[in-house]
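All chains are identified by letter, namely A, B and C, in their written order; residue positions are counted from 1 within each chain.
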Amino acid sequence: MNIKEKGFFISITAISLLFGILPVANAMHIMEGYLPVGYCIAWGAICIPFLVVGYLSIKKTIAANRKSITLFAMAGAFVFVLSSLKIPSVTGSCSHMTGTGLGAILFGPAAVSILGIIVLIFQAILLAHGGLTTLGANTFSMAIAGPFVTYGIYKLCQLLKVNKYVGIFLAASIGDLFTYCVTSAELALAYPSATGGVLASALKFLAVFAPTQLPLAIIEGILTVVIIMGLETYAKPELTKIGFFGGNK
Amino acid sequence: MGEPILKIRDLHYAYGNGTPALNRIDADIYEGEKIAVIGSNGAGKSTFFLNANGVLTPDRGEISYRGTIINKKNLKELRKNIGIVFQDADNQIIASTVMAEVGFGPMNLKLPKEEVLRRVEEALTYMNILDYKDRPPHYLSGGEKKRVSIADIIAMKSEIIIFDEPTAGLDPLNTQMLEEVLDKLGSEGKTMLISTHDVDFVYRWAERAIVFSQGKIIADGTPLKIFQSEEILKKANLKRPTLMEVYDLLVEKHLLEDTKAYPTSTQAFKEMLGNM
Amino acid sequence: MSTIALKGEHWDGHTHGDGINHRHHKIRHKHGEGSSIDFYAYASNIRDWNPAFKVSLSMLTLVLSIVLNNPYVSLAVIVAMGYLTIIEGGLSIQAYLSILMIPISFILLGTITIGIDFSTQPIGQYNLHLGFFYVFTSLAKLKIMFFLMLKVFAAISAMEMMSLSTPSSEIISVMQRVHVPKLFTELMNLIYRYIFILIDVNIKMRNSANSRLGFCDIKTSWYTFGKIASNLLIVSFKKANAYYDAMEARCYDGDLIFLEEDKKVTTLQIAKAAVFVSFLMLLWGFTR
C-alpha cells in the first residue's frame, strides 16, 4: 500500500464510520440543488400527466360530494405525519415510512399523486427534506412510481386470491423498493459513472443506499399490514364510508 | 315579548345509521334571551345546534328566522345570523393566522375587504387578543384558541350566538374570562344559547333552561323551576345547583325560614343570611 | 457525535415521537411541537417583508445557483442568503446551521457515490486495490464533488431563506397569485393546518401508549406504532367531518378564501435584489 492508497483507505474508513453514526435521512429524498437543471425540468414534465389525472379525479370526487375536501386534506396530512414518525428501531437509527403505499391502497394511486406532491412540498418547506427544484424527480419516484406499483401489486394479489395481508405486505414493500430503484436511476442518469456509464452509476447508488433502504422496505410492508389490520378492527364503518376513495375491499 | 327571532316547529332529525337524534322539537327563541341547554351526553344538544344553524337539514319540521321559513335558498341567511362556537376550538379553527381565521366568516359573507379588516380588528379587541393577530393557531394555548374561536363568531355579527360546551377543557382562569365575555355580550342584549353540564353556571347565568333527553325537549322554563322538579332532574340525570342544596339543607336544620326564595348568587345568599 | 445524539434522546424521550424534530436538532422552542422551521418562520424579523418578494428572490436565486453551476456564484449565494436569514432575519447561527445540516447524510453519501468509481485498471490519482478491481477517484472528480456540495448548500440556503422567513400560508397565497390550480392551493391550506392537529393527536396517543408500556420492546413497539397510526387515521376522518360542519356553520360555500394582509414591497428592496442578481450574473460571466 503506497502512501496515497493509505490516505484513501483511512478516509474511506472514517467516512463509513461516520455513516454508522449519522441518522439516516428520511426515505430517499433527492436534496435541493442536487440535480442539474435539465433533469429538474424533465422529471417535472414526466409527472404532469399523472398529476393532471390525479387532479381531475380528486376534483370529480369533490364535485360529487363537497364534504370530501376535508377528507382528502386529512388524508394528505395523515401521510405527512405518518412519514415524519420515527419508526421504533433496535439500533436507534432514525428511519421513516413513506406512507404513500398505504395511501395508494386506501385512496387509490391517482389521488395519492396529488396528495404526495403536496406532502413533498411541505417536507421540503417545513422539514428541509427534499427540495423544490428536485420536486419533479421526488414526486415521480415517491408519489407516482411507488404508489402505482403498490396499487398494481395489491390489485394483482387480489386477483390471484393471495392472502390479503401477504398481498398488502408485498404491495407496500415492493412499492418501497421500486421507489428506491427509481431514485437511484434518477441520480444515475444525472451523474453517470466515468467508466461504466449510467448502469454502473445506478449500481453504485443502489449499493450505497441498500443498507438503509432494504430493511426499510420490509418494515414498511410489516407496518402497512399492522395499520390496515388496526383499521379493520376499529373502523369498519368509516372504511365503508370512504368507499368512494377506491375502498379497501 | 313580541315575535320570536327563531321559531322551530316539529323538528325531526336522524343520523345516517337510522337512530333518531332529534324527535319533535318545538322551541321559540326571543331576542336578548340567555338560554342554557342542558342534558346528558348524546341527548341531542349538538345536533339541535347544527340544525338550528342550518348545517344539518332536518328530516321533517320547519325553522323560521324572523318570520321567514328557511329553505335551501335562504339557508345562508340562517347561518349568517346564528353563529356557533364549537366545543373543540381545534375542530373550528381553519386558517393559519389568527387574522385570517377571524376573517374567514366575514370573507364568506362576501363583505368588502376594508369591512372585513374592521370587523376582525373589532372582534380581536373585544376578545382582548389583538396582539395575536399574526400568530398561527398551532402555537396558541387552549384558552387562547377558545378566545379566537369566539372572536370568529363575534366578527360575523350574528344575532344569536350558540356556545357548545364552552367551558370544556378550560382552566378556572379561562372559565372566568369566558363568563366575563358572556356577561359583556349579555349586557349588550345579545341572544345566547349555551350548552353545558355545569348546573351552578346554569343557575346563576341563565334566564331560561331547555332540557334535552334522548332527542326530546323534556322541559323548558326558568332554571329555578326546572331544578325544583325532581322528575325532570331524574329523567335528565341532573344534579341540583349547590346553592339550592345548601338552602334546603339550612331549611331542613331549621336554620333558615322556608320561603322558597332560592338565592341566585352567593352574594344574594350572603345578604339573605345577613338579614336574619 | 453519537453521545450528543443520545443525550438529545434522553432529554425528551417523550417528544421524539413527533419525529419532525431531528435528533441532531438540539434547539427546541416548545415541548413536543412539530417543525422548527415553521416556528422560526413566524419568529423571523423579515416576516413582514412582502411574501411574493421573498418567494421570488429565493426561487430566482435557487434557479440561478443551479443553472449557472459556478462555485463562485454558489459561495456568493451562501453568504448572501446566510446574511438575510441570520442578520436580517435574526435567526441564531446555531439554529441555522442545524437546519442546513439536516440533509447532510444524503449529501455525503450521494456525493461520495458520484466521486468514486470502480475499474479493473489502477487509474485516477487515488486508487485502492480490492481483489479483482480498483476503487478510484481523481483530483478532477474531487473538485467536482466539492463544487457540487457548494452548489447544493447554495440551493438549500436559498430555499431556506424563504422557508425560514415566510409562513407556509403566505407561500401558498403567493402560489395562488401565480395561478396554481385553486383546488390544489385549497388542499395545501387545509393540509397545512391539519398537519399540526394530527401531530398533537399523535403526541397524546403516543404518550398514553408509552404510559402503558406500549414501547417496552421492539415487537410491542411496532404493534403500538401501527395501532397509533391506524387510530390516527380514524381520528382524522372524524375530524374531517367535524371540520366541514364548522366551516359550513360560518357560511363556507365551496370557495376557500382567506383574509390576507397587504405587505408592501419597497423600491429599495427591489433595487437591492436586482443588484444582487446582476452581481451573480457578472460573477458568473467573469469566472466562467
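Structural remarks
Going forward, contacts are C-beta pairs under 8 Å (C-beta built on N, C-alpha and C of every residue); 3 or more make two chains touch, one makes a residue touch a chain.
No experiment lies behind these values; they were computed from the predicted model shown.
Chain centre most remote from that of chain A: B (centre = mean of CA atoms).
Located most centrally within the structure is C, per distance between chain CA means and the overall CA mean.
Here the two chains linked by the largest count of contacting C-beta pairs are A-C. Here the CA centre of chain B is 43 Å from the CA centre of chain C.
Rounded to a whole number, the gap between the C-alpha centres of chain A and chain B is 47 angstrom. With centres taken as mean Cα positions, chain C sits 17 Å from chain A. Residues of chain C in contact with at least two other chains: 34, 38, 168, 190, 192, 197, 239, 243, 247.
Those residues of chain A lying in contact with chain C across their complex are 4-5, 7-9, 12, 15, 18-19, 21-25, 28-37, 40, 55, 58-59, 62, 66-67, 69-78, 80-82, 84-90, 92, 94, 96, 114-115, 118-119, 121-122, 124-129, 131-133, 187, 191, 193-196, 200-201, 204-205, 208-209, 222-223, 225-231, 234-235, 238, 241-242. Within the complex, the chain B residues that touch chain C are 50, 53, 55-56, 76, 79-80, 83-84, 86, 88, 90-97, 99-100, 102-109, 113, 116-117, 120, 134-139, 152-153, 156. Touching chain A in their complex are the following residues of chain C: 1-2, 5-6, 9, 16-20, 22-24, 34-35, 37-38, 59, 62-63, 65-67, 69, 99-100, 102-110, 112-114, 116-119, 125-129, 135, 137, 141, 148, 151-156, 159-160, 162-163, 168, 171, 181, 183-184, 186-188, 190-192, 194-195, 197-199, 202, 215, 218, 221-227, 229-234, 236-241, 243-244, 247, 254.
Chain contact summary for the complex, chain C toward chain B: residues 30, 33-34, 38-39, 42, 47, 167-169, 189-190, 192-193, 196-197, 200, 239, 242-243, 245-253, 255, 257-261.
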